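The structure appears right after this line, and notes come after that.
Letters A, B, C and D name the chains as they come in the text, with residue numbers starting at 1 for each one.
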């Protein structure tokens, strides 16, 4: 098997609704970067987030072990600072080894959830 | 950190529903080009819009400052002319520096909102 | 302005629900290939559709004029044969000049519509 | 007609909800890899799935005949083991001939279904 991926990805759309009709963790409004590290070395990943009216935040640092995926919720990022709710943001995700990044959101502001997903932009 | 992006992007799908069940700005039906300028120079961006049965409109000109993102609603474009509602259109987005463009729509014609999103096509 | 696009695109997912809660043309369940021809020559486009258990159908032939977009509903294809409803299919879209193709679906089997969209795969 | 495609694809997001409001096969919550083999030779496809906290599963082996598409539901994979529900996973899809892969999900945990779709990442 080949080890698919790139070392730099960008997501230009970002928005975490503060409202959710359910507090079930699976159904709370959230936004995720789904990261696949299909390779045999752990991936040291850094995330920078960008905003409309202030300097970027980050870097956020995470490790994705070899041959693992991670459904990283932006909601859960805390260090160096949480991602504000109800605010447009974007992100750049870099890794020391090839990874694959997919962007998804579950919006449960209404009882009927809405979903979106797209591959992130492979910048490098 | 690298500065991801391209200088020409295309979105082939466009449609702004005229109806919304909510006039809450966050929930009104809208379509956006989410633009990330992760670089250290401001991006001078021009947008041309295309239609089924008339010549293109534009250029619309916007500036995305360095290290900023912009959630640009097509609903808000006014100069040289507004984007008609309930009408299929497409767009080409060009910049003098690399940017990343993602297309998204929130459709709130029904009480249960629907979402779509995809990376724009990186033409250059 | 550059003329973005490619001459061969593929969409691997296709499904036209036969049910719709509304017969409003804007809200009937439909699937579309949104085609942008930003260039100065008309695009002669051919579409082949693929199925799980029979030989491909087509070619369907359409023309997208210069500097125009077309929100082509697969529902409306009739010649050489209609696309069956409630059936998985895929499509390959070829053009004699560069175009951009985006895939979208509006599913209104339930009163709350659902949307999906993604750029088609640029094969050439 | 050209034969579009690549021989290695990745999907970084995966999640099969265990709940569905309908047991209608068309409306049960499911996740699919839609595979197009537009070429004139059958495609021997292998799928590896990745998880957050265990070694990968697979390979799953399927054949997509020449000039056919397959709407492969991850729900239906059984050999060597089923995909767990309510669990994040990712997948790498490889083929001996060029194919096109698109990822989609229908989530019917709520009566109003939600959809997502994106082209998979063409790794090779």
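Definition applied: a residue touches a chain if its C-beta (ideal position, glycine included) is under 8 Å from a C-beta of that chain, and two chains touch if they have at least 3 such contacts.
Since this is a predicted model, take the numbers as computed values, not measurements.
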| item | value |
| --- | --- |
| Chain copies touching (chain A, chain B) - same or different residues, decided at half shared | different |
| Between chain A and its twin chain D, rotation from the CA superposition, multiple of 5 degrees | 90 |
| Inter-chain centre distance, chain A versus chain B - centres from mean C-alpha coordinates, in Å | 21 |
| Chain B-chain D separation of Cα centroids, rounded to whole Å | 30 |
| Touching two or more other chains - residues of chain A | 111-112, 114-119 |
| Of all residues in chain B, those that touch chain C in their complex | 8-15, 17, 46, 48, 50-53, 55-56, 86, 88-90, 92, 94, 103, 105, 107, 109-112, 114-121, 123-124 |
| Complex contact set, residues of chain B against chain A | 1-2, 4-5, 26-27, 32, 34-38, 67-71, 100-102, 104, 111-119, 122 |
